[in-house]
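Same chain, two partners: chain A is paired with chain B first, then with chain C.
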Partner chain A sequence: MLRLIRSLVERARRERQQGGHRQDGEDRVRTDGGTVDPAVGSRSRGERAAATVRTATEGEFLRSAVFWLPPLLLTGLFVYGAIGWNVVISLTDWNGLGDPEYASFDVEMYARMLSDATFLAAARNTVALLVAFTVVTLLLGLFLAILVDRGIRFEGVFRTVYLLPMSLSFVVTAIFWAWVYNFENGLLNELFRAVGANFLVQGWISDPQFKLAAVVFALVWQFSGYAMVVYLAGLQSIPTDQFEAARVDGAGTVKLYLRVIIPQLRASTTSAAVVLMVFALKAFDFLFVLFGTNLGKSVDILAVMMYREAFGSGNWAYGSAIATVLFLMALSVIGPYLYYQYRRGDL
Partner chain B sequence: MSTDTDADPETTSAATSRQGDGARTGGGIDLKRVSLYAVVAVMAAFYLAPLWTGLVTAFKTQDAFFGTTPLAPALPGTEGFTVRPWLEAWAALLPGIVNSLWFTVPAAVLSALLGSLAAYGLTNVDWRGQVALLVPFVAGVFIPYQSVLVPLTQFWNWFPLPVGGLAELAITHVAYGVPICTVLFRGYYLTLDEEMLEAARLDGASIYRIYLRIVLPLSKPMFAVALIYQFTNIWNDLLFALVLAPPNAPPVTIALNQFKGSMVNQYNLQMAGAFIAALPTLIIYVLFGEQFARGVAGET
Partner chain C sequence: MTNEDTRGRLRRRTVLRGAGAAGIVGLAGCLGGGGGGSGDGESGNDTNGSGGGSDGDGGGGSGELEIVHWWTAGGEQDALNALLEGFEQEYSDVSVNNNPAPGGAGSALDTVIKNRVLNDDPPSTFQIWPGEALTPYTDADILRDIGEDVWGEEMRNNYLQGVKDLAQPEGNFVAVPINIHRLNNLFYNVEVVESAGVDPASVEETDAAPMAHQTKAPWSTVQLWETVFIGSEGADAFLDLVDGNVGDHEEAVRQSLSTLIDYEEHFNQDAGSISWDQANSKVVEGDAAFIHQGDWAAGQYKASEGFEYESGWNNVAFPGTDGVYSVVTDSFVFPKSNPSPDATAKFLQYCGTVDAQERFNPIKGSIPPRTDVPDDEFGPFLTQQREDFGNSESQPPTITHGTAVDPETKSNVEGAFANFIESWDVESAYSDLESALGN
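Then we have the complex of A and B:
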């Protein structure tokens, strides 16, 4: 994480261009836990551990609580308390007006999912969206990062343009894309008509066949700049001499990237993939603005179904159960990731 | 662009090292560079096209945008040109913009401040168990909002704030912004010079004094990152707003969605509305793109 942030700083790039590893001669990175070089990382971690042993007292713990306890209580109550409460609600039969009855608990809501065709379709779409969106966004982001990293002029301008959609609300981008996808006058169909590809003129967000693909495409447009930023940070932490060495060995540009550079971007891929997958699980705003809550079986996803069941139909317990499933799916992505981060010493 | 390709062969090995084997043959360089720039420009067009077609449509009359291609602008003075969509959308969205400012600014400031405090307590004050306490913060970055929506509405129904629903929305956003802010500040505080803090400690400075006198002043660049990132996130949010915002004071995202719903097929109005609602985040992005990128990268 730190490595990514730091390597965005222009200075890192200048140092690399001077042929040096960016850690060389820079004392501010001394306690950096997220360096590329495992030796540097473990050494500084060791130093920190030593410092901990030196000064750790119960007093420090209590006095430091002033700093971390209020934020921890706030997050603990609203995030983790609410998650637990949500699980409890999912075990009741609460629906309609009034308050939930915490008298008897059962897993009826979870059993109901398995025989609910809407839930199964939504679950299938969620997984399809997650996989397609993550894979395409990563590939496009990597492509953009390599483009921008090849010493082009106005690099900053292009980076800014590619990342621009990330700064926009989904409400805004959904409105733009609804117009782009418009059957009669939208940009996409007009372009296809202009080049004579009339078979490609489709009702992209009205035909159930294309709805999900159209949503994935628009979300890739919005998020690929993010993947680019992560990959750029990874690329810029690779020492220049590796590019040089591969060239001296006679590797072509494509081979250079496939064999030497991309394998070193595994950490970037992992962290970007986690963020993208978790986003795909909670994607709500874009679909809600584009289609409302009744979006049709072809593009219904759990994140919207949960809202529809709870806040649309008053099936609070059922909505909470779907939310719990979403939480578990997110947990199955971030759990291994956090463990991996911890093992790498990046936490 | 021609000057770029002319200048590039002259640049020394450091700059050309990423240009692959371009330096091998004299004649091949320009062609390669030209095609590289062509791809870069096409990608830029891809990212700007939806915005461009929105922008030109917002300046067209109803007849004009149904009759012209969606990429061609209507020039001022011509028949199809109008600024009426902007005026109408502005009038419709202004209350939403004011509502959003009311809770977005305090929530962004408060979450950044709490994130800084938590990161300091968990990074620069030495005691065992920091990592264990850090995990809930880092994991909190990734929690899907859906998994807390029902309890949140219950909670605020039971304990409504006397100052109104926007304050409830603000506090909720603070609680969900603290994790990412903590992660951002922790990344930054790990790079602080440990010797400097140790020296202050040896001088007898308390951890409170070290925070106020040393760490907080050094945190300015990270506050910029956290504030920009949080402002953009909270301003852009729709889901919490749908569930928690009072119906009589809708934030701008809800106002825009309602505006879209009431202006069926009036794409000029919809596009103008989208730009007006996005204006604060667009301005911030153009002015502080680097800080925004750092905030975005901090999520990983």
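Then we have the complex of A and C:
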């Protein structure tokens, strides 16, 4: 966005300079505008001002404002304005149904986090979920993509089958997985009983040892199809010559992928990882449907805690502070990605 | 470049300029209307409507009554419709805007109402648990005192004291309770219990679980705990506890938590992955003998074919809680900044009448707070409950269903039990409870 505006300004200035040339050939002096220069003393101040106004209204920068200004203002207000206001609220002591007091600001809410065992547990779980979910989903997605890309029959069918879970709402999948994880008659435990692996029969979503892992597994199931599609696009953009060349050079299948193909999938990995991480931060729906707002230490995440504090307890300021932390986490994920894209010139 | 081209371009540019200007005007409109919150924006530009207290009647002359509630599941919805039907018969000049916010126990309604109250755009009336659950609203002075308009002499004489107390958390009446569920029930499957003999311990000899329960979400365990506590220590000790005197009852709290651990051994094994109604259907199907639940659980028994009261299922007061009727109740309130004050007053008056409570409660499966409602419409089970209610010595509120503690405390107690049902650790549960309830 900024880049776009800058380039527009640049172009407008260039145009103005050319216009100046045509008029009186004194652009070298005139372009710096404000300073008084004896060389242009012959022109009256009024004339110069009028010229500036004329060039300003005719410059593309202003004329193009029609296109970029409304979205800029809307985004500014509803996205950045809202984020800013959230930060402001997090600095107050607002709770209950009264109005916030903007008289004094402090970072009390942030200090409170550090001594709040619930917050620390939730933050730890959020990070664990984020890392485990993203890494496993990427690996599984890559594996599936390679399999599907091997020129198998019914490629389209498999692609759809793997991608389908992603189109389901978290609400559906949460209830679905509650059935799968049921201790007595859930699919998973039944499977283990059938093969005689009774030691693997567990209360998957009630035992704190497995709760988070069970949630991560369910989310991986839902999103690995997405990672697969992203990788598939990456794989199919690699020219077949490279596969052939590597074969001719005597590379086996494993070596072919490890040395030649996978290194070229960096862009796919980055973009899939960013999307997945942001999804992980928003695993709220899944957990909310599964357990409600009080999840217990082993699986509580910041998004649910934020909701609980704000709407359950009416601690708006504390909820906002947690929201700010979540925002910073999302930013630290997406910031480097944007920078990377920017440096590559894709943005 | 031909002349025509230039003109075409110019015209297009003019059009675009116009469109851009319109966009900016639209944006300004958004900014201007922003203060009014999520209202329907009909007359967005009046003086912000922040007057509040005094009759903001203005356009409300037509008297449309907007009711926000969470009764959207089968029987609940029928009960509400019966209530509204009765109301419309009584007051044909008021039109009702039935605006539900579905979500069990008000999980979604709470969010909707808080947002609307903060935006100074509350509905005419909304469903809420009375008692301490009203704390945020009374603290912010949002509810109108309806002691004169609604709570007439006649109505006051026909409500029991425990319920009237809930309607006036700050000493003045702000809510009208419309129904009462009992929390301290122990339901059982007659067949399973008989086949196992009376001794509950031998129930283990059948395939059925002795006690159906759910630990997926903490609330069922919270309500079991408070009932166990009342059962062993009595209602007065419970009231003292929720008042914040945790230290005085340290031993009793630990003891009740240990009792839960004893019970846990007798729960169905999949307690951690099912919901309360799934647990309840285990009783219906004979897969479990007992369940502790509020008497809304009976709705499921009623809907099951061939599972009749007394022959198929029965209930007793939870052990130790004879003479106690733990009250779970819903009420309607009167927000001060009200779009339709007259209609709201009429509706609340109606909710307090015999007619309204006789229409609503039999369908909802609850009993009326008024003791003078005739028994005719209520089946044998509810008639029994009404008798118990009339004879009860105390009607304590509950933590789980909002009436005993303010919402923040409730959330923290649930947090304590969310950890407890993972770790079953009395020590840390006690300290969590102490910091949640203590003052």
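In this section, the second predicted complex is superposed on the first by the 275 of 347 C-alpha atoms of A that agree within 3 Å, B and C clash if a C-alpha of one lies under 4 Å from a C-alpha of the other, contacts with A are read in each partner's own complex, and residues count from 1 in each chain.
Throughout what follows, contacts are C-beta pairs under 8 Å (C-beta built on N, C-alpha and C of every residue); 3 or more make two chains touch, one makes a residue touch a chain.
None of the values given here were measured: they were computed from a predicted structure.
> Which partner chains sit in contact with A:234 here, chain B, chain C, both or neither? Use first/second/both/neither.
After superposition on chain A, A:234 lies in contact with neither partner.
> Touch test for A:76: chain B only (first), chain C only (second), both, or neither?
first
> Determine, under the contact definition given at the top, whether A:298 touches first (chain B), second (chain C), both, or neither.
Touch status of A:298: second partner only.
> Please determine whether it is chain B or chain C that touches the greater number of chain A residues.
B
> Counting only touches as set out at the top, which of chain B and chain C does A:96 meet: first, second, both, neither?
In the superposition, A:96 contacts chain C only.
> Quick check for you: in the superposed arrangement, does A:141 touch first (chain B), second (chain C), both or neither?
It touches nothing on chain B or chain C.
> Touching A:207, do we find chain B (first), chain C (second), both, or neither?
In the superposed model, A:207 contacts chain C only, not chain B.
> List the residues of chain A that touch chain B in one complex and chain C in the other.
Chain A residues touching both partners: 63, 65-67, 69-70, 74, 77, 178-179, 182, 184-186, 311.
> Chain A touches which residues of chain C in the complex?
Where chain C meets chain A, its residues are 13, 16-17, 19-21, 23-24, 27, 30-31, 107, 110-111, 114, 117-118, 136-137, 139-140, 142, 215-219, 268-274, 407-408, 411-412, 414-415, 417-419, 421-423.
> What residues of chain A sit close enough to touch chain C in their complex?
Spelled out, the residues of chain A in touch with chain C are 63, 65-67, 69-70, 73-74, 77, 96-98, 118, 178-179, 181-186, 203-208, 211, 290-298, 300, 308, 311-315.
> Across the complex, what residues on chain B touch chain A?
1, 4, 8, 11, 13-21, 36-37, 39-40, 43-44, 46-51, 53-54, 57, 65-66, 69-71, 114-115, 117-118, 120-122, 125-129, 131, 133-140, 142-152, 154-155, 171-172, 174-176, 178-179, 182-184, 187-188, 190-194, 198, 201, 206-208, 211, 232, 235-239, 242-243, 253, 256-257, 260, 267, 270-271, 273-275, 277-278, 281-282, 284-286, 289-290, 292-294, 296-300
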